[in-house]
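In the two complexes below, subunit A is the common chain; its partner is subunit B in one and subunit C in the other.
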Partner chain A sequence: MSAVSASAEVVARAASGTAHSPLRTMVAHEWRVLRADRMLLVVALLFAALLGVALWNGVTWSRFQTRVVGELAQADSSRFARYADTLAVMTPGTPLADPFAPDPRNPMTIGGARGGITASLTPSQLSMLAVGQSDLMPYYYRVTTGLRQAVLKGDEIENPGNLLTGRFDLAFVIVVLFPLVILALSYNMLSGEREDGTLALVLSQPVQLRSLIFAKLGVRAVTVLSIAAALVLAGLAVARVDLTAAGQLSTSLWWFAIVVAYTAFWFGVALVVNVLVRGSAASAVTVVTVWLVLVVLAPVLVNLVAQARYPTPSRVAFTTNVRTVTNDANKVADRLLSKYLVDHPELATAGTVNMDDFWTRTFMVQDTIEKTLAPYYDAFDAQLAQQQAVVTTARVLTPALLMQTALEDLAGTGLTRWQRFRAQTLDFHSRWQRFFSERQMRQQKMSASDLPSVPRFTYVEEPGTAVAHRVLSAILWLLLPAGALWAFGLSRLRRYSVAG
Partner chain B sequence: MIMTIARKEFTEMFRDGRVRSGGLALLLLVGGSLLYGMRQTQQLATERDTARQLTRAHWVSQPAKNPHSAAHYGIYAFKPRATLATLDDGVDPYVGVTTWLEAHKQNEFQFRPAQDATSAQRFGTLTAATTLQLLVPLLIILLGFAVFAGEREQGTLRQVLSLGVKPSVLGAGKALGVAGVLSLVLIPAAVLGVIAITGMPDGGSDLVRLGVMIVSYIAYFVAWLALTLAISAFASTARVSLAASLGVWMLVCILAPRLMTDVVRSVHPTPSASAFAAAMKRDLDGGFDGHATGAQREKLFEEAVLKKYGVDSLSQLPVSFAGLSLHEGERHGDEVFDKHYGALWTTFAEQERVRELAAVVSPVLAMRSLSMALAGTDVAQHLHFQNAAEQYRRSLMTAMNGEMTMKSKGQDFDYKADPSTWSNVAPFDYEAPSAAWVLQRHTPAMLFLGVWAAGAVLLAGWSIGRMTP
Partner chain C sequence: MLQATALSKSYGEKVALQPLSLTVKGGEVFCLLGANGAGKTTTINLFLDFIPRSGGSATVNGLDVTQHSLETKRLLAYIPEQVNLYRNLTGLENLTYFQQLSGQAPMPRTALLALCDRVGLPSGAPDKRIATYSKGMRQKVGIAIAIARNARALLLDEPTSGLDPQASNEFSAVLSDLRADGVAILMATHDLFRAKETGTRIGIMKHGAMVDEFAAADIGHADLEQLYLRHMRN
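Now for the complex of A and B:
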């Protein structure tokens, strides 16, 4: 038995006095034992293979999205080039016969449903690190002068069966499987040696139980972390991520830092289970139960509580409400103008607003609809914020959720970046609407020189420090329970009975 | 003899505090998820019934207007909530709840509930189904891992076998003992489930589905129980038995489903939404050959109509050319939609088929697919609803364009139809597919589940028969 021989070696070396320091010897032997054990090889190979597959999936998905965003930008710029060509040869003076004609002198040709522009969220350089919510949330919107509700639709095509299960991405490997790897390697560090009868033998030498457990934990931690680090670095290299570019290096370092914190937490769990639970089989049942509760059940229950406590207003009722509101607004369209002009005095002085214009009426109606629906949108966002608050409050109970959110944050595929993108899109939508509606209502035609002043969307990234701040807080919330587990485990270690 | 062994196992396990608390926790989870599911189902059903009536009222109360204008106004279709979704909400959080049925367009479904949630949503939802699929197997492992391996370690296995007990009898007794403890959790859970379902309005109509669901879950648990016993008979120590069973559970329940997502996506890739929309637009604008412009096709159509009615000009037509032309537009659109959505939905179906075939390596995939299908919350039944909504849209458009064609003349859009026209259109009444429809499509899943159960029982019999004391 490898454990016996290695421990015997510790004994022999310690007896002959050739050891450098006991800790170093123990680390060296623990490493040898682990290496000789097929368990480590199998687990390490499986873990490495899964990391590789997950990284590949992340890279593939990131490339897919980047390509789509590129194609859409290309389509927009060639359409704008066509407008420019057409406008260059057109005489601006001739009146438009048909307000619906696809004529770029007509502002609504460019701004309306037939025109429009794409607002897109390019995957970040490190998006391969987590697919996150990016398979579920739209990563581009078609912005037109239409209603907010019409702009905010358009999902990427995906089989709902795939969304239900989720992708096999790096975050899944780290959040869900990595703890299992840690626990599989360390659930019986003490009980195993005791059952083999080697623990008493080793501790009969001038070696402390504390140093022994540090050696065992240290070797395991360094092994699993090196595998993860090596593969992720290889992944970054394969995906040609330029670590010297702004922010990439610090993001990668934050990634490693939080993975280390998560590792510390799970080794803390392993330590406590080792100290408290006597038999190996009982330890195995205990670690699996802890994993199950923390990784599988806790996030689900937190979500359930959040949704049951703060349900979002019904989208179904919303759909029919929009129709009722639209019907009502259409009925009083003629009376809407004076109200509208109160909010837009610049148009009142221009004196060119013509209520017979189809588009003018449309804008009036839309404006009323949006104003009527605003409380609904606010209520919706408020309830979601409350749900998020529940999740945030529960973070110390849900290290898995904490970790998942932080990894998504670092990869730029989480809800924070997406919500920011959506908010910026809505902002851009109002600018776009204002630009074209004002021109249309003043009956001002577009000319080639106007094209550069048409609003363009660029997503403004959150400052890197904000992300770092959230990740740091996640790290602290992981280290807090980790520290408690370690402190408790080490203090109970003194009372650990080696015999029996 | 079998009963004696079973009684001994039962008593021993039941006295184990871990088993009792595990069982109790499981029962609480099933009970809690059932209550939440019932609340959800009732709430969603009411909300959607109200919306359905409201959208109908909107449609019926339209003033006199041109039928094509009414066609543009359209109707909303709301996806009904299946009663059995109480047990398994399947893909429901990931599919839209409503679509707008309007002229010229087959719209996508909107508002996927999962998009309006926190990131915790992606860890899954708590339903009776997830509890049964993931957690009950764990309880089975907890109950059964030491059944043989533990006795072997303690030396009692040798003693028992020396008494002349046949291994098969011993195995059957132990299996019954474990099943007895398990039934303390599962029978109350099943009773709760049946009460929850039959107590709901409309619940009685789903009894066949519910019955098949219960039988499938029993087969699934038999597979896990037999597999656990087989491993326990093989393993040298209880620790090895536990590690092996848990390893299988991880691979089968946690790893396999996720890995399959990326496998099915790469075996049957779906197009990007923008490429899909562009291809559809190309066919809509240019016809299938991609050459004829809309104007050219309209010219050809005009000639054909004139010829058919034997007149020289549109003004001489006894019917409305605008109506005919709109109808022709819808017909062409329908062909294009059928081509593109047909291909896309076939890809989805193929992805689901590959996922189901992977049940060869993971019984949970078969169980999951079957459970969702029986609950009426799988991809196929969502597409069934989407298709029904689209067919209704087409009948609505045919009615509106027919009204236009027969009651109006020439190119005229000034014709205003009487408000009674709107109420003459039948409301959209969706009928969910029958249990037979579902079962027919999931023969492979049932087969795999049966093979898993039977195979695991055979394996257990074999390994128990030749186990070394």
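Now for the complex of A and C:
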């Protein structure tokens, strides 16, 4: 018997155990190769560091907002407590101990510019996951009996939601950098092995190219998703988010589901590039170009189109308009009463309204201004709605926008929640204005027993199902192109030539 | 075991392989001689189903290589001119991977080490990274893979080019053993001496066609060289 026969004998005996499936062998091997390569370590550490910084930013911002909202509420409630104390010991007509102190018997002391109340939007528990628009959009408004314009003064209305810039938060890392990590790990899965010469040796074994690519994609997907999941869970733990609280777990699961869908899309891109582009260098250039177009250029383009088709009305023109209208209204204030009483018949009883009262005149003028400006506000809101509609439609073509919007939606920092808050605030402003102006015009003094009936603002959250519905649609819009890319990539894989 | 019937390959207008027929039985070593671009590598790639053929058929143990890609590859082992392995893994890790990839149960470390020893890999080398290996050492791992695979047919594409004479000689010895065990071997080579030494049949290829074919025993070393040069000059 020859020496090789002896070897073959050893082989035959040794191989009597159970064989592993080629896929399992390839997965284990791929993991070993990735680990042996420094690339994974570098990418993983960099990714982890970026995620860490982003989470830290998110937590800091979220805590800051929570603190501000808490302090504002505290200030309001202590002021109302002081009113209550003062009103409790005072009877109508007695002078104040300090003649310069605000007199809470006067409705305008509580409702006017020196009083007022804060309408604020408490950040959701998961807001640390996406700062989103929350650093651009006001998260509290000072509501007084003043003009709507005064309430919204902090509201930069020429910025309909800059979808491009923002803090370095987790959403940014996931939307913008995560695809780069995926592409960096997978742009040369086939070309790399072909150039190293190992692909031919592997495919001379009884294995299919399809299994090989599945093993490669699978190992990479599990690796990047594990890093992301581990860090996000760590972040949630650091921020002491209670996952057992109502809605938190499902929100976190939705969050993870859409990240998986986004991952599937980008691995689909990697697959197609691997199948179509033969050289590693060309592949690298291709994936970077695709990333640049889809993540950087497409959102800019969408915003440009929205702006070009539905330009935001000029803020300057608007302000000039407010001034003109105010001046005109002041000139004819006396004549405004009859008009006003048509709208407020409850005040029409003779002698109720005294036009010589400063506040009464002010309300008349304000009422006129608001009525005159209403069409401008409406036009403005309509224009913004049109812009938003363009963005919403174009979203389905730009995975990055789709992802950004969905992540913000889940974190409660998106445009929808902010618009709801703004609308509810304006609604509250009307209620507040009506409450105090009517009292003032009737010359009704405030008493301790009136304080509980003063309107208070509470933000009414959108039902969780509405958010879930939008996120589900985003997931489907991500999975659709992902599925197309995968189907195309896998079908072209059959034509992939190993040699030559 | 290996059979080509009117097997051909062309890239558009360019003909890489004119209809070729050859048979390699178990226990035979068929050596393909010829200049670069003569169609030797194309023939081997067609048997491996790495490139789609333009005509004819290639079978392994009677099975068509395109229709039964996985089944035929189970019977085949392939050693290219450059055995390229995973640089960051050790020789043993590479061997383990390729051995298991063939669908066999994992072999114990001792058996794999014995195999490395058998193909002449220096002791201690199996646990070193491939990046530190010489070309000859990598070729030896390639042979070890082929043996571990228990292949019934071997496709060799200039496996000894660039090897020193001793390594080349050791390689021939292993081939002779495999032939003795009934393995069918198809080898493309530039080495006339090795072809005469280890080959049972010799084919000379030129411009994608087989121009001559004869038994190695029927010709002397000097005559083979003369014959080869005559074909190349014509």
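We take it that the second predicted complex is superposed on the first by the 457 of 500 C-alpha atoms of A that agree within 3 Å, B and C clash if a C-alpha of one lies under 4 Å from a C-alpha of the other, contacts with A are read in each partner's own complex, and residues count from 1 in each chain.
One rule holds in what follows: contacts are C-beta pairs under 8 Å (C-beta built on N, C-alpha and C of every residue); 3 or more make two chains touch, one makes a residue touch a chain.
Keep in mind that this is a model prediction, so the values were computed, not measured.
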May I ask you to decide whether A:P463 touches subunit B, subunit C, both, or neither, giving the answer as first, second, both or neither? neither
Per the contact definition in the header, classify A:N327: touching subunit B only (first), subunit C only (second), both, or neither. first
Of the two partner chains, subunit B (first) and subunit C (second), which one does A:D196 touch, if any: first, second, both, or neither? second
The chain contacting more residues of subunit A, comparing subunit B with subunit C, is B
Given the touch rule stated above, what does A:M26 touch, subunit B (first), subunit C (second), both, or neither? second
Is A:V498 touching anything from subunit B or subunit C once the two structures are fitted on A? First, second, both or neither. second
When the two structures are overlaid on chain A, which partner does A:P102 contact: first (subunit B), second (subunit C), both, or neither? neither
Is A:S204 touching anything from subunit B or subunit C once the two structures are fitted on A? First, second, both or neither. second
Please work out whether A:D37 is in contact with subunit B alone, subunit C alone, both, or neither, and reply first, second, both or neither. second
Identify the residues of subunit A that lie in both the subunit B contact region and the subunit C contact region. none
Touching residues (chain side subunit A, partner subunit B) in the complex: 50, 53, 57, 60, 64, 67-68, 71-72, 132-133, 136-137, 153-168, 172, 176-177, 180, 184, 188, 280-281, 284-285, 288, 292, 296-297, 299-304, 306-308, 312, 314-317, 319-320, 323-324, 327, 380, 384, 387-388, 390-391, 398, 400-401, 404-405, 408, 414-415
Show which residues of subunit C lie in contact with subunit A when the two form their complex. 41, 45, 48, 50-52, 69-71, 73-74, 76-78, 80, 82-89, 93, 97-98, 100-108, 111, 114-115, 118, 142, 145, 147-150, 155, 174, 177-178, 180-181
Subunit A touches which residues of subunit B in the complex? 18, 29, 36, 44, 47-48, 50-51, 54-55, 58, 76, 78, 90-91, 93-95, 97-98, 108, 110-126, 130, 134-135, 138, 142, 145-146, 238-239, 242-243, 246, 250, 254-255, 257-262, 264-266, 270-276, 344, 347-348, 351-352, 355, 378-379, 382
Residues on subunit A engaged by subunit C in the complex (per definition of touch): 2-5, 7-8, 10-20, 22, 25-26, 29, 32-33, 36-37, 196-198, 200-208, 497-500
